[in-house]
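To start, the structure under review is shown below, and the notes come after it.
Chain lettering (A, B and C) follows the sequence in which the chains are written, and residue indices restart at 1 in each chain.
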Amino acid sequence: MNAMSHNQAGNAYNFGFLDEYAKKEVRRAILKAIAIPGYQVPYASREMPMGRGFGTGGLQLTLSLIGPNEVVKVIDQGSDDSVNAVNLRRFIEMTCPGVSTTTATAECTLIQSRHRIPELPLTARQILVLQVPYPDPLVVVEPSEDKRKTMHGEADYSRLLVKLYEDIVKFGEITISHRYPTRINGHYVIDPSPIPRWDVPKLNDSAALILFGAGREKKIYAVPPHTKAEPLAFSDVPFRVEDFRDEQGRRRACARCGCVDSFLDEFVTDSGSKTYQCSDSDWCDMQLSKARQTQGEPA
Amino acid sequence: MNKILEVRGLSKIYGPGCPQCLESTGPEADTNLCPHCGSVVAIHDVSFDLFEGEILGVMGESGSGKSTVVKTLYFDQAPSSGEAIFFDNDRQYDLFSLNAAQQRWLRNHRFGMVYQNPNLGLNFNISAGGNIAERLLMSDLMDYGAIRERAKALLARTEVLLSRVDDLPKHFSGGMQQRVQIAKALATQPPLLFLDEVTTGLDLSVQARILDLILEIQQELKTAMVVVTHDLGVIRLLTGRAIVMKYGRVIETGLTDQILEDPQHAYTQRLVASAL
Amino acid sequence: MNPPILQVEGYGKHFQLHEQNKLIPSSHNVSFTVRAGELTALIGPTGAGKSSVLKGIYRTYLPSAGRILYRDAMGHELDLVLASEHQILELRRREIGFVTQFLHCLPRQATLDVVAQPLFALGVSRDVARQRAAELLSAMKLPERLWSVSPATFSGGERQRVNLARGFIAKPRLLLLDEPTASLDPATAERVIGLIEGLKAEGTAMLAIFHHPETTRRLADQVVELAPPPAVEELLEEIA
């Protein structure tokens, strides 16, 4: 257990920064969230030594779940090396002595992520924690939280569907690019955090537990393993993911690893032209090393 | 003819209420405000039956409680006491003992409401078609093409130009907004429709066409309606039977032509005389 | 003798005007019988309460006294004074018609549909109902160009024909007629009289008030003369 007091790292903080009572409360909220898939469980979000909106919700989940033997990976928009990911990883290393960190998706037991789900399918021994800025998908159609709670309770999502209808009327298709409203276990619709549409199908029947933490809005919700997750859509206008086709209709490839089945980020090169690269940096590295191995094999 | 709605002893008091509320309010007391506790007795002991395909008028001046009657039946407000049974084919519902989800289901599937203020019945930030789509989506129609066809058919039926199906209703005229409201209310082909002062504030020629439309719909679909109005012309044109209310109480009921030509109560006599 | 459809016994009607604190007598102690296939005419001076009797039967007025026994198509006898509102509405829809001197209709409704309305209400198909309406209107020589417009702008005589056609179309078992030929030119009045005779021959019972004594003589099988009701004092004594 991690209830012991640690001082080896030369700091005066409890293991995992949070005190044990705070962790216990968060874990209780997590259990409730797992028991009611998609339901937003309120919790007493603690002050963290960083601004709200920088992943405090996800970090509280991570710190409450973490044990001494944990292997943690922190990513920000697919990258392990962005400032936010690096800072959070350092904070975890500092406050959780004995915990190891990694960038390899395959090796970790706990992933804290902002805006992406790794390309490599997750396994039953892994937990994915997503940082959430706005937990309630109904906030765009109903300002009163009281009424939103009733709507969730009665699974009344017609007004969200009207939004989709209006999208098709105006643009000929559903234009939501991220935070795509997704119905969990046939009842609650969640805001799956700002993941792209590409990642939404990964929520469905996931082997890993997926947890969502909103620090500023003080909510925790979950998609438990092997739970149905259906993006809202019409029967004749189905949900679809980004297709990354170029002008000729060909699937774009990652400029670095050549992968044609990953989510791509668009970059503008120094010359002003556009180039595309895997958003998931670990995935890109994996593809690259795989390609090298293949090339290295004797013919 | 079958009964579709049975209302008994419907009452609504705003405020704490006290033992003297009822005797201190009503037509004789000439107020609906209880002088002892400050409560407003909006309606007290309202009872009536409504039959399939029938149009019942609820008439009275402002403060008579006529709108409160339909607002409680449409679950916009909870009554203080009373009972209402809705007969739907071979099923019957005790309206005020249903839970919120069941009430919402009835509201969305089996009832329709057209408000005086289109702001209450329509979402001004979504298109006319989207407003109708919302009601269809509530009843779990999930096919975009089918929803759009149905929305267009309803707007055509209520004589809204199809070229405006994707426009926001806030840019529509008052008469057109009422047409969109009616189209929305009819989307699920409800057997029961509530109309609350739907033509008030509209130009006379526009009023006449809305009334025409309502009657045509009633004849085509055999929809039962409760029409709330202070306008005797609307009562005469639309309704077969009427209830006259004053300060929250029903003071007279009868066949509409009888109420207009042979009113019994002093208040109704004054009301009718002042209109002619 | 044909069986009676309607038996009015001791019908009385007075209005209580609360504002003026007055009782206005309208009809007093009226009794008569109407039979299938026969026309009963009400005669009497102005103020004798002839219209009041028709309106009392139709429930446009609430009778103050007496019984109005009606035998319906199923053979059941019903006191119209005591019948429920829904029973009255059902009878109005299926059995009892009333042609008044006024025409209330929707501002936009075509004349053909105004006339066909009672058949629509009975569930007759629109085409059949309109066909029947067209036959009646041509029998009354209402120009065909008027059929598709609303009667709101018609002359008194034209409206009266629309009103009559609407009253006749559903062939009610009992038809109440309040001066149906009053505003018609002699030729049209003659056609209407022909239509009334036709309905009578088909078995409709009629209770009518005619403007011209000559019409009464020609059409009535039975004439009931009404006297103006006694003055209020007398009436009050009687009530007391």
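Here, contacts are C-beta pairs under 8 Å (C-beta built on N, C-alpha and C of every residue); 3 or more make two chains touch, one makes a residue touch a chain.
Here the structure is a predicted model, which is why all the values come from computation and not from measurement.
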When each step joins two chains that touch, the fewest steps from chain A to chain C total 2
Relative to chain A, largest Cα-centroid distance belongs to chain C
By Cα-centroid distance to the whole-protein Cα centroid, the innermost chain is B
Distance between the CA centroids of chain A and chain C (whole Å) is 79
Whole-angstrom distance, CA centroid of chain B to CA centroid of chain C, is 33
Note: chain B sits from chain A at a C-alpha centroid distance in Å of 48
Residue set of chain A touching chain B in the complex reads 150, 153-154, 156, 158-159, 161-162, 165-166, 168-170, 234-237
Counting only contacts in the complex, chain B reaches chain A at residues 100-101, 104, 123, 126-127, 129-130, 133-135, 137-138, 142-147, 166
The chain B residues in contact with chain C across the complex are 1, 49, 51, 54, 208-209, 211-212, 215, 219, 236-237, 240-241, 253-255, 257-258, 261-262, 264-266, 269-270, 273
Given the complex, residues on chain C that touch chain B span 15-19, 55, 59-62, 85-86, 88-90, 104, 106-109, 120-121
